[in-house]
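The first chain written gets the first letter, and so on, giving A, B, C, D, E and F; residue counts start at 1 in each chain.
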Amino acid sequence: MVCLTRIERFNAAHKLWVDEWTPEQNLEKFGKCSNHNWHGHNYTLHVTVKGHPDPITGFVVNAKDLSVIIKREVTDHLDHRNLNLDVPFFPKNLQPTSENIVKIIWERLHDHVTDLGGQLFRITLWETENIYVEYYGE
Amino acid sequence: MVCLTRIERFNAAHKLWVDEWTPEQNLEKFGKCSNHNWHGHNYTLHVTVKGHPDPITGFVVNAKDLSVIIKREVTDHLDHRNLNLDVPFFPKNLQPTSENIVKIIWERLHDHVTDLGGQLFRITLWETENIYVEYYGE
Amino acid sequence: MVCLTRIERFNAAHKLWVDEWTPEQNLEKFGKCSNHNWHGHNYTLHVTVKGHPDPITGFVVNAKDLSVIIKREVTDHLDHRNLNLDVPFFPKNLQPTSENIVKIIWERLHDHVTDLGGQLFRITLWETENIYVEYYGE
Amino acid sequence: MVCLTRIERFNAAHKLWVDEWTPEQNLEKFGKCSNHNWHGHNYTLHVTVKGHPDPITGFVVNAKDLSVIIKREVTDHLDHRNLNLDVPFFPKNLQPTSENIVKIIWERLHDHVTDLGGQLFRITLWETENIYVEYYGE
Amino acid sequence: MVCLTRIERFNAAHKLWVDEWTPEQNLEKFGKCSNHNWHGHNYTLHVTVKGHPDPITGFVVNAKDLSVIIKREVTDHLDHRNLNLDVPFFPKNLQPTSENIVKIIWERLHDHVTDLGGQLFRITLWETENIYVEYYGE
Amino acid sequence: MVCLTRIERFNAAHKLWVDEWTPEQNLEKFGKCSNHNWHGHNYTLHVTVKGHPDPITGFVVNAKDLSVIIKREVTDHLDHRNLNLDVPFFPKNLQPTSENIVKIIWERLHDHVTDLGGQLFRITLWETENIYVEYYGE
C-alpha cells in the first residue's frame, strides 16, 4: 500500500467562545482566540489516501480527481468564510478548533474517496506554522 | 550599510468592502474577500532596518529590541484581532488590504526605529504563501 | 509606491545544449543539465508590480486579475511542457536557462500589467530551492 | 526505537503515457502529465530508518553514510535524467508516478540500510509542494 | 483520537566526541561534528499529543498550556546553550545526537502532558533542513 | 542585467562577548547570545551575482562554478566550526554577528566572482528563520 497526499489551502475567520461562560472565563480558557470580532488563519490541509497503485496508471487515486473532490466538498465551503457562521455542515454548538475541523473534513471526504477507489487514511491541518493536528478516523 | 530583517507573525480577520457599493459590486471587485462574515490570514511581517554595524557590538540595531518594538507597536494590536473593527490606529475608511497595512505599519515603526539608532528601510508583508507586498516608505 | 507580488508555479522539462558543440563540450559547460533525454523542474514564479494603492479599493492592482494574466500569458504555455520544444514564444536559438526565461516572461507580461494600471517591477524565478534569478527589465 | 530521516533532492523529467491508449485516452486519464515532449519536477526524497541509538555514538545509523548510499543507489541515477528513458532499474512498462518511484527506491535501498545496521522504515517523495507519497514497504 | 502538534524552536551548540577514542577515530566516526570548538544548529521541535477533543472547548489539550510546558521543561534549558556542557538533565556520558535528545525530551515532557489531560504521542526534532528524528516513546 | 542567486548552508557555533565588559554588561547587551559555552545556528547563505546572460550559454555565471567558489572560499571554512575561534580570516576583535559575517563573506567572494565574469551584487544571510541580514558592498 502507498499513501498519496494532496495539499489544498484555505483562509478563514473564526473565534472560540462558549456562550454559557462569562467573557472572563472565555478569555481565560481561549486567550486571544476569544476576541469578539474574530481573527483568522491561512489553513493548509493535507488529505492522505491509501491504496495499491493501479498496475496500468501507477496511481493510488488520480490526484487531480482527489483535488476536485476536496475543493467541492471542503475548501469551496471554507475558503474566505467564517467557520462559526458561514458553514452549513459545521454544527453550531461545536467549537471551530482545528481538532474539530479535521473530524468534520474526514466525514465530508470519506465516502467520496472510497468512490475514487482509495481509502481515506489521514487528515492533517496546519493552523499556523507552529500548530497542526492529525486525524486517522478513529 | 547592512540591512537587518526581523520577522514577526500575526493572525487576523478582515474583509474588503465599500459601503457605497452594492453587494454585487463588492463581490465583483473583491471576490471572496468581500465575504460578509469575515475571513482571515496568518500574516508574516518582515521589518528591515538599515545602518552601519556598531564597531563594538556588531549590531545594526539589537534584534531583540527591534522585536520588542514591533510587538508593542504593531503585532500586539493586530494579532487575533479584526483589522476592520479592532485596531484604533487603522483608519475606518481605509480598506485593510496588505498594501494599506504596510503603510500603516511603516508609520507606527519609523520613529521608534530611528530611536534605536537604525533607519527603517522596508516593510514586507506576506498575506498568504502566494501574495506579499513591500513598502520602502515613499 | 507599494510593490505587490503574486506567486504562480509551473513544472517543465528542458535541457541545455549547443548544437555547434560536441557532446563533450556540452557536458563540460552544462554538466548534468545537458542530459540528452531532458530533465525538469518545479519552477516558482514571482511577479512583482509597483504602484500607488487605489484610494477606494486599497489595491495596487487586483491580485486576482494579475493571476489571470500570468496564467493566460505565461504558465498555461509553460506548465507540463518542454521549454526547448513546446513553447512558440521561446526562441529556438535561446538556451532555456532561468536567466533567459525571466526575460521572456517580462516581455510577455509588461504591457498587460500596464493595462491593469500597475508597473511591472521585477520577475523572480526559483529553479530549485537553491537557485533563483531576478530581472528588473533592464 | 528512534526514526532518523535524511532528505536528498533530485530533478528529473518524465511523462505518463500508455502506448495501448489513444492520445485522447492518455490526455483524459493523465491530463497535462501526458505532454508528448516531457515535463519535470524538483523531487524531494525523505528516507527514514528505524533503530536503537548506539550507546556510544548515539546514532541510529550515521546520517553521512546514509546520505552516501542514497546518492550512490538512487539520486545519482535519477538526478537530471528522464525517468522514462534513462534509468536502467526502472522497468519500462511501469509508469513513473511517484507511487511507483517510491517502491523502486525502497527496493534499491532496503538491503543497504540493513548493512548500515538500521531498518528501512519509510520512503517519502514530494513531487510538487502540493503532492507527496509515502511507502512503508508493504 | 486526534493528534495535536505544537512546534517550538531553540538554537544550541554541541559536538560529538568520545573521550576514549583518538582524535582520528572521532573524526572518522563523527566527521565535522567532532570539531573541537563546537558547532551548532537551529533546532525545530514538534511535540505531538493524542487525545479526544473536549466536547466544550474542542481542545485535545490547550496549545498555549502545552507551549508553556515545553518552554519551561525543555527549550528554556536548551536555547542558546551548549548541549554538552550546560544542560543539567542531559547525562554527561550521552552523545548529544538528535536521537538522544528526543529521548531526553520525551522523559522531560511525558508526565506533564498527562497532567494536561493528553497523551504524549511523538517527539520530532529537525536538526537541519535535511535531517530529522522521530520518537514514539518505545 | 539579470541577478542570479545561489544558496548554500552551514552550521556553526558562536557567542557574542566583549572582554572589556562585565558578564552582567554582556548579558544585558547580548542576552542569551552571550552564553559562555557557545550556542549555534543553521545559517543559510544567498550569494547574488549580477550580469548579462551570455548569448550562447544563457548563463550570467555558471551556478556550478559559483557554488564551487562559495564552498572553497566560505562554507568549507565556516561549516561545523566555531566562528569566534576556528576561522582564520575572521578578525578576533570582530563580533561574529550576522552583520559582520556578511561583510567578511563579501570580501572573500568579490574578486572571485569578478573572475567568473559576474559582478557580486548582494550577500544575504539567514541566521534563524526569523532574522536575516543583507549587504550590497557599501
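Worth pointing out:
Following the convention adopted for this analysis, a contact is a pair of C-beta atoms (placed from the backbone, for glycine too) under 8 Å apart; a residue touches a chain by one contact, two chains touch by 3 or more.
Bear in mind that the values here come from a model prediction, so they are computed numbers and not experimental data.
Fewest steps needed to get from chain C to chain E, stepping only to touching chains, is 2. Listing every chain that touches chain B and chain F alike gives C.
The chain with its Cα centre farthest from the Cα centre of chain A is F. As for how the two copies chain E and chain F face one another, over half of their interface residue numbers coincide. The distance from the centre of chain A to the centre of chain B, with each centre set as the mean of the Cα atoms, comes to 28 Å.
Taking each chain's centre as the average of its CA atoms, chain A and chain C sit 33 Å apart. If you average the CA atoms of chain A and of chain F, the two centres end up 41 Å from each other.
For chain F, the set of residues touching two or more other chains reads 31, 129. Every pair of chains meeting the touch criterion is listed here: A-B, A-D, A-E, B-C, B-F, C-D, C-F, D-E, E-F. Residues of chain E touching chain A in their complex: 1-8, 48, 53, 56-60, 62-64. Those residues of chain B whose C-beta lies close enough to touch chain C in the complex are 16, 18, 29-31, 94-100, 102-103, 129-136, 138. Against chain C, the residues of chain D that register as touching in their complex are 9, 11-14, 31-33, 35, 37-42, 79-82, 85-86, 128-129.
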